[in-house]
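Look at the two complexes coming up: subunit A is in both, with subunit B in one and subunit C in the other.
After this line comes the complex of A and B, so read on.
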């Protein structure tokens, strides 16, 4: 019954979406505003309709309706309620429905804005976003229906939505349960954030297409979609950070990023989206690079669909590809179609988008930004090729190969270095004109301060040249930003005779966008510090030790105190070691690395014990133990210097993006318009 | 297949011969390799089952078995390269973290480099075009275009300006 309601509203959403698309097109072609209005109403309906569908599925999950195939696949009786809800995106069909639901939320939200001044955009925004939604709804309705049931027929057990001839519903006693890797707080937020980031980019893309189709070459679409873009970027960044954190906390390999194909598929839209944001900036300030901005948003949209395709098609095997299915070819067809259409539109408007402005200096802000965009695209191209190559190799030579972390790191490391270098100069560079002399004047003080970044590591006995360079670049960027804040506050203080505090507050408020950008860049540098720490200086050791035995790494010693093995209420078998951490003969911490075994899904999960400080992380994994626990257990221990800065930087980064995204006070806009 | 068998046989013969000829060689054997020594090699290998997880971090039974093979080989006195070659011979190139640099695989390394170089050239050319003096472009355009078109352009410009002004 509930499944019928769920599927019914899914079908109705599909029909309403198709109607909306048709009505928008008809209304636009025949200049009938009522039809466009009707399409707009249809679009605002998709969200409530899909909410019924999603609500039904959540109800089925919560009430253990195991006759539904999806519920059996991802849920089990012993799971707590909050996990049953998150099981909504724990499998293929459910996550596609969830994806569509989020997209519907955004498309419906778009209809809420006032359209008086941009009537010509409206039908096309409706058409593009609904077309994307229709594609995902079709996947859900015809290929990955989350509401199909088990039936007993004379021919055996089959799965279908409606009753097959002679079929009787089967009610399995229990389900397989959610993949244990997904039973983690990080996993509750990571996928929704990732998906939100993905779907939110569809809105700026719709505006871009509307702008191309209507032939408007102004910046209006960028103004309209700026906030959507920033939200999309925020969610995508959050998704990546939470994913990295989850990997660090749960996957138990001592790291946060493994250049796994699915990680890369989430990184690629982020890279092109970041490039897009920067290109938008140049377009707004200088009216240049309109073509590039278009190319980048088209690229981002297609990478979003491609990323979903990679995760959902089963084309790739990785820790993320949780299920396999046959929707691959349909995805490819959709990507090719949208790519071709958008590129055709772009070439038709290519001339019109040409800028009249010229580049006046190599040291101007726009020149520096364009170089960093090229660098971002460099990582993008390498990532794209690295992900695809194993498949290509298999098709051409029949030989499977692995393209692993060393391949990507070789490219990404110098490029990140290059971007740090640009981040040094960029806050000081000005639009359209900047000379080397002018920059030099502003750079020499921070440069001298940044020497600390070379001196300290060398003094500390560091010999790795790349690490020394990295530390220097990091301290240089930090110094430049601190000096810039200081310099501007000083000017304000001098002019207004204000206190230091109120001057700082004033300049922060006055140009919030610019300063949130500075905060974001400082955050990136802090993250770089963490990355350099773990990439260059991670050490590890492994050993089997009896109770009371010791393992030493870096300046730490861990002592294996005891091992407890017990069952929990939610059907887990837990083996938990108690480990004390010593430094200089003093016990400084007690850690509990453990291994949970999930009875329902027959899968283990390793959870490390971590002592984290600003200087380093001491990371202990319980690998194995002898049947008589007193005989000993095997531990793997990692020493990860500076990695905490990665998380600190990440949160500052998110803060910076939120600050940039936060709506302006309305009063600010009115006087500008009145003039 | 025969090729692979032959290589394994060759390797075995060499190992046997070596252990027979060099007396000190046998001395090095037998000492139990540490977990760290095993992991140092396992880190560079990927098993075909759990794709994209390096062997030292993988918890499956298959990978456990592989690590034991490494341990055995180390005990027998094999070098790191020999052990890696052994796994490549057994399971193909995919056990290595990167495709070996030969034949078709070169593409994986060359294509990003090529794209990057093309990108740099394009960027350089674009910079040159953008930096070329503006008046020349405008005068050329004006001389080519008919009067209608230039008014069109003018109206476009005005419209764009107006839109910019009324933003928000």
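After this line comes the complex of A and C, so read on.
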């Protein structure tokens, strides 16, 4: 019954979407505004309709309806309710429905704004976003239906949505349960953020296409979609960081990023999306690179779809991949179609998007931004090639090959270094005309301060040259930004005879976009600090010790106090070690590394005990224990310096993006363009 | 930035060549990084059978490769004191068509561990036992074949396709 409601509203959403697309096209072609209005209303309906469908599936998961195949696959009686809800995106069919639902939320939200000034965009925005939604709904309805059931027929057990001839519904007693690796609070937030980031980029793409189709070559589509883009970017960034955090806490045993193909497929739209954001900035300020902006949003959209395809086609081996599925070819067809159509549209408007402005100096802001875009695209191409090269090589030579993390690291590390270098100069550079002399004047003080970044690590006994360079770059960027804030506040204070505090507040308010950009860049640099810490300075040790035994690493000593083994209500057997952490002979912390064994899926999950400070993380994993646990247990211990800055940077990053998207109180200002 | 005045006012035409050369230099550097890194970091991705054949033919010579196969559950041994993990991996076809003939990856893995005539190789790994290591799991191993014929893995990636999706539940009441 509930499954019927769920599938029924899914079908109705598909029909309404197809109607909306048709009505928008008809109304646009025949200049009948009522049809466009009708299409707009249809689009505002897709979200409530799909909510019924998603609500039905959540209900089925929560109430243990194991006659539904999807529920059996991803849920089990013993799972707590919050995990039963997250099981919505724990498998292929449900996560596709979840994806469609989020996309529907965005498309419906788009209809809410006032369209008075931009009526000509409206039908095309509706058509592009609904077309994307229709594609995902078709996948859900015809290929990956989350509402199909088990039936007993004379021929055996089959799965189908409607009753087969002679079929009787069968009710399995329990489900297989969510993959234990997914039973973690990270499951609540990481996939939804990642998905939100993916689908939100579809909205700026729709505006871009609307702009190409209508032939408006002004910046209006960018202004309209700016906030969408920033939110999309924020969600995508959050998804990546939360995934890294989850991997650090559970999956990765001291790792946070493994260059796994699916991680890469989420990174690629982030890279092109970041490049797009920066290209938009040049277009707004200088009216240049309009073609590049278009290319980048088209690329981002297609990488979003491509990433979804990689994860879901069974093409890749990865911790993230879903099982092999028939939807691969359909995905490829859809990507090819959207790519071809958008590129054809772009070539038609290519001439019109040309700018009369030219680059004038290497040290102008636009030139520096262009270089960083090229660097971002460099990592993108590397990632893309790393993922596809094995497939291409197999097709050409018949020999299967792979590329591992060392390939990506070798290419990405120097490029990231280059980007840090640009982040140093960029806040000081000016638009259009700039010279090195002028930059040098502003750079020398921070440069001297940044020498601390070389002196301190060297004094501390650091010998790895790449790490010294990284530390220097990081301290240089931080120094430049702090000096810049200070200098501007000083000027304001001098001119207005105001206090330091209110001067700082004033400049922050007055140019919020520029300063939130500075905050975001500082946040990125802090994250880089964490990455340098764990990449260059991670140390580890391991050993089997009896109760009361010790293991030492860095300046810490861990003492194995005891081991408790017990069952929990949600069908886990937990082995939990109590470990005290000592420094200079003093106990400073107690950690509980543990290993959960899930009875329903017959699989363990290892959860580390971590002491985290601004300086370093002490990270303990319980590996194994002797039958008589007092005899001993085996631990692996990591010392991860500075890694906390990765997460602190992420928080500051979020703050910066939220500050940038915060609506202005005043009436909207038209951006001033340099002559 | 408003207080900063341009110091030199360049003529408007701009020196295009300068930027083209600059762009080419940057792009060339990235391409060089990519190509040079790719040439040192590509690994063979082999089935157990291919791995053994190449080993016999002496084509591997201690180089790093990636291999995949099915984990034989009974063979898993772990020494807690040395963290030495040993298990046997059995050949599973790498070709998608062959996999389909066997009824998909799940049943191909099952067939592999129940068929003693299949080629197999012993794997050794030093470190914690991966959570997903169990009978019929698909193991993707990175490492090299030692002179003794044992595969020493630096990294183990495991997948258990039977567990979560696509299998008919076994506890059923009408």
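Going forward, the second predicted complex is superposed on the first by the 656 of 675 C-alpha atoms of A that agree within 3 Å, B and C clash if a C-alpha of one lies under 4 Å from a C-alpha of the other, contacts with A are read in each partner's own complex, and residues count from 1 in each chain.
Here is the rule we go by: a residue touches a chain if its C-beta (ideal position, glycine included) is under 8 Å from a C-beta of that chain, and two chains touch if they have at least 3 such contacts.
All values reported here derive from a predicted model rather than from experimental measurement.
Novice: When the two structures are overlaid on chain A, which partner does A:395 contact: first (subunit B), second (subunit C), both, or neither?
Specialist: Touch status of A:395: no partner.
Novice: In the superposed arrangement, which partner chain does A:74 touch: subunit B (first), subunit C (second), both, or neither?
Specialist: The answer is second: A:74 touches subunit C but not subunit B.
Novice: Which of the two partners, first being subunit B and second being subunit C, lies in contact with A:217: first, second, both, or neither?
Specialist: first
Novice: With both complexes overlaid on chain A, does A:378 touch subunit B (first), subunit C (second), both or neither?
Specialist: In the superposition, A:378 touches subunit B and subunit C alike.
Novice: A:411 contacts which: subunit B (first), subunit C (second), both, neither?
Specialist: Touch partners of A:411: subunit B and subunit C.
Novice: Determine, under the contact definition given at the top, whether A:604 touches first (subunit B), second (subunit C), both, or neither.
Specialist: Once the two structures are laid over each other on A, A:604 reaches both partners.
Novice: State whether A:157 touches subunit B only (first), subunit C only (second), both chains, or neither.
Specialist: After superposing on A, A:157 lies in contact with subunit C but is clear of subunit B.
Novice: Count the residues of subunit A touched by subunit B and by subunit C, then name the partner with the higher count.
Specialist: The partner with more contacted residues on subunit A is C.
Novice: Touch check for A:34: first (subunit B), second (subunit C), both, or neither?
Specialist: In the superposed model, A:34 contacts neither subunit B nor subunit C.
Novice: Scan A:261 for contacts with subunit B and subunit C and give back first, second, both or neither.
Specialist: A:261: touches subunit B, not subunit C.
Novice: Where on subunit A do the contacts from subunit B and from subunit C line up?
Specialist: 253, 317-319, 358-360, 362, 367, 371, 374, 378, 381-382, 385-386, 389-390, 393, 399-404, 406-407, 411, 542, 544, 604, 606, 623, 634, 636
Novice: Contact residues on subunit A for subunit C in the complex?
Specialist: Subunit A residues touching subunit C: 66, 72-74, 91-92, 150, 152, 157, 168, 170-176, 179-181, 253, 317-319, 321-324, 358-362, 367, 371, 374-375, 378, 381-382, 385-386, 389-390, 393, 399-404, 406-407, 410-411, 414-415, 430-435, 437-438, 491, 514, 542, 544, 601-606, 621, 623-626, 632, 634, 636.
Novice: Show which residues of subunit C lie in contact with subunit A when the two form their complex.
Specialist: Listed in rising order, the residues of subunit C that touch subunit A are 1, 3-4, 6-10, 12-14, 16, 18-19, 22-23, 26-27, 30, 33-34, 37-38, 40-46, 66, 68, 78, 80-81, 83, 94, 104-105, 127-129, 131-132, 134, 138, 140, 142, 157, 159-161, 163-169, 171-174.
Novice: List the residues on subunit A that touch subunit B in their complex, please.
Specialist: Per the stated touch rule, the residues are 117, 217-220, 223, 251-254, 258, 260-261, 288, 316-319, 356, 358-360, 362, 367, 370-371, 374, 377-378, 381-382, 385-386, 389-390, 392-393, 396-397, 399-407, 411, 540-544, 604, 606, 623, 634, 636, 669, 672-673.
Novice: Enumerate the contact residues on subunit B facing subunit A in the complex.
Specialist: 34-36, 39, 46, 48, 51-54, 57, 59, 92-99, 103-105, 107-108, 111-112, 115-116, 119-120, 123, 127, 130-132, 134, 156, 159-160, 163-164, 166-168
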